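See below for the structure under consideration.
We call the chains A, B, C, D, E and F, going by the order they appear; numbering starts again at 1 in every chain.
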Amino acid sequence: MLEVADLACQRGDRLLFSGLSFSLEAGTLLHVRGHNGSGKTTLLRTLCGLLTPDAGDILWNGEQVRRLGEDFHRDTLYFGHLNGIKSDLTAIENLRVAAILDGDQAPEAAILDALEEMGLAGFEDLPTKVLSQGQKKRVALARLLLSRAPLWILDEPFTALDVDAVDRLQLLISEHVAQDGLVILTTHQEVPLTSGQIRRLHLGVPSDADPAGAGLAVGGQP
Amino acid sequence: MWQVFRCILGRDLRLAMRRRTEVLTTLFFFVIVISLFPLGVGTEKQILRILGPGVVWVAALLASMLALERLFAADHEDGTLEQMLMTPQPLSLVVLAKVTAHWLLTGLPLVAMAPLMGMQYHLPDTALVAMILALLLGTPVLSLIGAIGAALTLGLRGGGILLSLLILPLYIPVLVYGSRAVTVSAIDFAETLPYFSLLGAFLLLALVLSPLAAAAALRIATE
Amino acid sequence: MSEFLSQGGYGAYVWGAYGLTLILLLGEVWQLRRQRRTIFARLSRMIRLRTRRERGDPA
Amino acid sequence: MKLFRFSSPATFYPLAGKLIPLFWVLTALALVIGLYWGFFETPDRLGGTNPQKEYYRIIFIHVPAAWMSMWLYLMLAVWSAIGLVFNTRLSFMMAQATAPTGALFTFVALYTGSFWGHPSWGTWWDWDPRLTSELILFFLYVGYLALHSAIDDPRRGDKASALLAIVGLVMLPLIFWSINCPDPNQCAALHQRSGLSQMEGNILFAMLTMTFGLWMYSFAATLTRLRSLILEREGDSAWARELLERER
Amino acid sequence: MWQVFRCILGRDLRLAMRRRTEVLTTLFFFVIVISLFPLGVGTEKQILRILGPGVVWVAALLASMLALERLFAADHEDGTLEQMLMTPQPLSLVVLAKVTAHWLLTGLPLVAMAPLMGMQYHLPDTALVAMILALLLGTPVLSLIGAIGAALTLGLRGGGILLSLLILPLYIPVLVYGSRAVTVSAIDFAETLPYFSLLGAFLLLALVLSPLAAAAALRIATE
Amino acid sequence: MLEVADLACQRGDRLLFSGLSFSLEAGTLLHVRGHNGSGKTTLLRTLCGLLTPDAGDILWNGEQVRRLGEDFHRDTLYFGHLNGIKSDLTAIENLRVAAILDGDQAPEAAILDALEEMGLAGFEDLPTKVLSQGQKKRVALARLLLSRAPLWILDEPFTALDVDAVDRLQLLISEHVAQDGLVILTTHQEVPLTSGQIRRLHLGVPSDADPAGAGLAVGGQP
């Protein structure tokens, strides 16, 4: 259960959004939209606790995220603009390090399964620098299969992926939502769900409709 | 906790092995700086013997500082640092593991090379032993203090030279006691004890405080 | 024989110099062989992957 | 025209493969003869103005290694220059294959000299011009290797380090001279080199044989490395794939 | 041609004025390195006097080298370097103008500071004069040679320390004659003439050759 | 008159294109297309002489571009992924430096006119770092107005521009083509011309149609 109350963020000397409030129950997907530079990444990083908001509170299961600290991190999986994999390590090594740091006991077999699931069979023990952009992204996304965090925060997870991988990822996301997970993502495309609800958040000043700067709309299943 | 420490340590060591040049470059920088001085100052044995300890220490300072520039930079650039910030592990533990790896890769080789360098300056054998001991205690302190600076200057333009401005003054106590220990040892090895205990105390202090400070600096730098 | 090995008391210097040189040269030869082998391994692996992809195997 | 044919990796690769065994044989022969001559056909002591005991036998490895180190740097720079001027891949690879062996010999010269210096001069190291210049040469080799491996794009790495090698070659005389003659007021008096002419025939023969051996070794080692480099770079080309299929 | 030279020179000077820290940092690095030595070596007048010329020169070498890291980097990052490559001007002229600006901003201040540093080492007045002259002739050579290294390492990871590995050995002739001139001048100023003429010759040689080499290196680096 | 014969380019160990040949007369616009990483930027930089091709020749008015050197640069204006403006200099200063380096005698008045034409009146003497992304791009594009080079090579010139600026730029391009100029550009959108001809080059392996890897199609006026 994530609650956001009266959040405001400023980068440089621009106020990106203010007075942003919403609360998300388990089994929800929040789709954050907005034009380039509207503050999507800023919002997601703030929710993660990587940025300090200029005003407002973020509560996870009723407690301040800042106060929870590492306990909140145990419940979250963040996937940013950068893949967060070392190009000199192999896919297996990358995932093993990530799993240990996340406090998961990911055995070798689970890692291999996850990589195969992401269509990377045969590439497991190559240094990731020889992989193509999309394959690198898949390695990073394999973490979604290994993690048991209920809250996923994904910043443009579909870029650089081909159609096949996009489908697989959408399936993953909707399964997570169906299992009472919580997903917050930014993307410029639609995300179909099989169960659970989608909510939409539009950042920035959309042409005329919403002069307040940030609007929140709730949609049902697609 | 121990598993996490070992995991990051192993990761950084493995990465360094796959990219050996960076490690070797630091070592050679150390060697080159040390070899430059006799060319500038002259090659009289008597003078070189006096210079030796100071030069080796200043070179170690500069080499460790320049290498520190890359301590967090690579992880910052490919996003793994961000991921580490998001793991349920205490950040100062992560920092400590990374600093340990860094010291094993750049500090320890310096310690191993130092006697060779001391030979270039015609230092007596007792002084070489003292040099090894002093560097063994002192270089981890350099890495630990430098980590704070490296975190603070993360991602800034001209980071390298800015880092040196921040960090070199903080290195002074280590430099003073480290080189004094070597100088004194050439006369009477027993006299060096106080210097070593001081260096040891610095090391303990740095081990406790600097991971905390560096972790805080990292959080600021990634905002 | 032992006289030859001692080199008039300077055996440590003489054999030290020749010994490490020998080790270094042999080390280079070993490194060359290893480099060659890893390159062969990588190339044949690439060929394997490519033929598999051309045959249209999914994995 | 023929020269151009051999400057293509595809034709050079098998040619080098045929030459390498020959070089290995020559290396072994020369080293065995040279070492035998050096240890059994030479006097135990040297008298004269500069008396030496058995440790002078280090000369049979020291001097050839020092010569090879300089000769290989010259080769490195020449291959680099050819590469930059004619833009031929093979010459860049040749330069890259030469560098590690050259650095190795530089290290051997430094190391064996040090082992000679301790009994002879009473010190492992001194800031003698010759020693210092050899050390600087070592740094230049290391710089070349470091730059090459720091650049991910192999072709940019080739060109950049080739340029560095040439700049190094231009600077080398200046560096050597400045170290040899740090005081231009009395330069003439400083430099003296005990000539080879005073050397006894047997010693000279052993030394030259060893030099020939190391030379052949350099050929064998660089060509072997060159073949690996060719495969690494051109492994995707048709001829390399064909060759791999055949060798498998 | 002269107009182009002046234009780039003016541009770089103006940019530096708008971003003063980078220039000041280099100066402070120079001062800090020089001040570290007495701490490491001890503060005996006699010894410091012998050390002085060498230390000042080595510090100048290191400072100029570290500052060189940024010589082309900023222009490379924002694409202006690419634009310069595409102009109908000889690239070596552009390089020469940029090196001149760089020297005015980092070399010249070092020359101005050097007497102050020399005083820390109790150098006699004649030596201070010789130091100024030697640095005046020598530091441009450092900038010119360093430009080649800066171009070669453009955009590489760990560029700073790699640059030093490549460039420091090439600085040796300047270091040797520069510091020897100062040492000799303390005894007899008249004796220094050959040193200065040698430094002058280096400068001329570097002025002619190094812009060409650096231009070639830039073309390679931007491929 | 630009002629390209049998051009091949390799980056890393990937062959991006080979056997590429075309020739462009005055008054032509060449529109280069292709998916991400297909080698558009590589082609444009090769045509500029910034990259050395692995094979093939590039001729400008019948002479080798390599041989022409600075004379070719006088006739070209290259606009790359990066804006190539210094963020600490003002728009005027940036343009003045660019003009002098290009060997043009651009007087102050011409620079001011160009900036006004690009909709930057009022922003001329601010350091460009305070400008928004799109405004920075406009400063860089003002060079098109000042230059007299017949060959323009533009790499994705429309990104980050708003509708207004896109229109203006399209007008500029079609005017240049109409005045017997030559334009080579990459963009993911269509470029309408008022006169002259458009040719299209598709890089990369387009689904099935063109297995050779690079296809050249000539289109008339839109």
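Following the convention adopted for this analysis, a contact is a pair of C-beta atoms (placed from the backbone, for glycine too) under 8 Å apart; a residue touches a chain by one contact, two chains touch by 3 or more.
What you are looking at is a predicted structure, and each value in this text was computed from that prediction instead of being measured.
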Statement: Contacting subunit C as well as subunit D are chains none
- line: Of all chains, the one whose CA centroid lies most distant from that of subunit D is A
Message: I'd like the angle of the rotation relating subunit A and subunit F after CA superposition, in degrees, nearest 5.
response: 180
Query: Quick one: which chain's Cα centre is the longest way from subunit E's?
result: A
Among all chain pairs, the one with the most C-beta contacts: B-E
Query: Taking all residue numbers at the subunit B/subunit E interface, are over half used by both copies (same) or under half (different)?
result: same
Message: Suppose each chain is reduced to the average of its Cα coordinates; what separation in Å results between subunit A and subunit D?
response: 56
Interchain centroid distance [CA atoms averaged], subunit A/subunit C, Å: 47
Query: How many angstrom between the C-alpha centroids of subunit E and subunit B?
result: 26
Query: Which positions in subunit C touch two or more other chains at once?
result: none
Message: Touching at least two other chains at once: which residues of subunit A meet that condition?
response: none
Statement: By the touch definition above, subunit E meets two or more other chains at residues 157-158, 162, 165, 168-169, 172, 176, 223
Message: Taking the touch rule as given, give the residues of subunit E at its contact with subunit F in the complex, in rising order.
response: 3-4, 7-8, 11, 14-15, 18-19, 77-80, 82-90, 94, 222-223
- request: Please give the residue numbers of subunit B that touch subunit D in the complex, ascending.
  value: 20-21, 24-25, 28, 31-32, 35, 38-39, 43, 119-120, 122
- line: Seen from subunit E, its contact residues with subunit D in the complex are 145, 148, 152-153, 156-158, 162, 165-166, 168-170, 172-173, 176-177, 180, 184, 191, 194-195, 198, 202, 209, 213, 216-217, 220-221, 223
Statement: subunit D residues touching subunit B in their complex are 123-127, 132, 135, 139, 142, 145-146, 149-150, 179, 182
Statement: Per the touch rule above, subunit D residues touching subunit C in the complex are 39, 44, 53-55, 57-58, 61-62, 65, 100-101, 104, 107-108, 111-112, 115-116, 118-119, 217, 221, 224-225, 227-228, 231-232, 235-236, 240-241, 244-245, 247-248
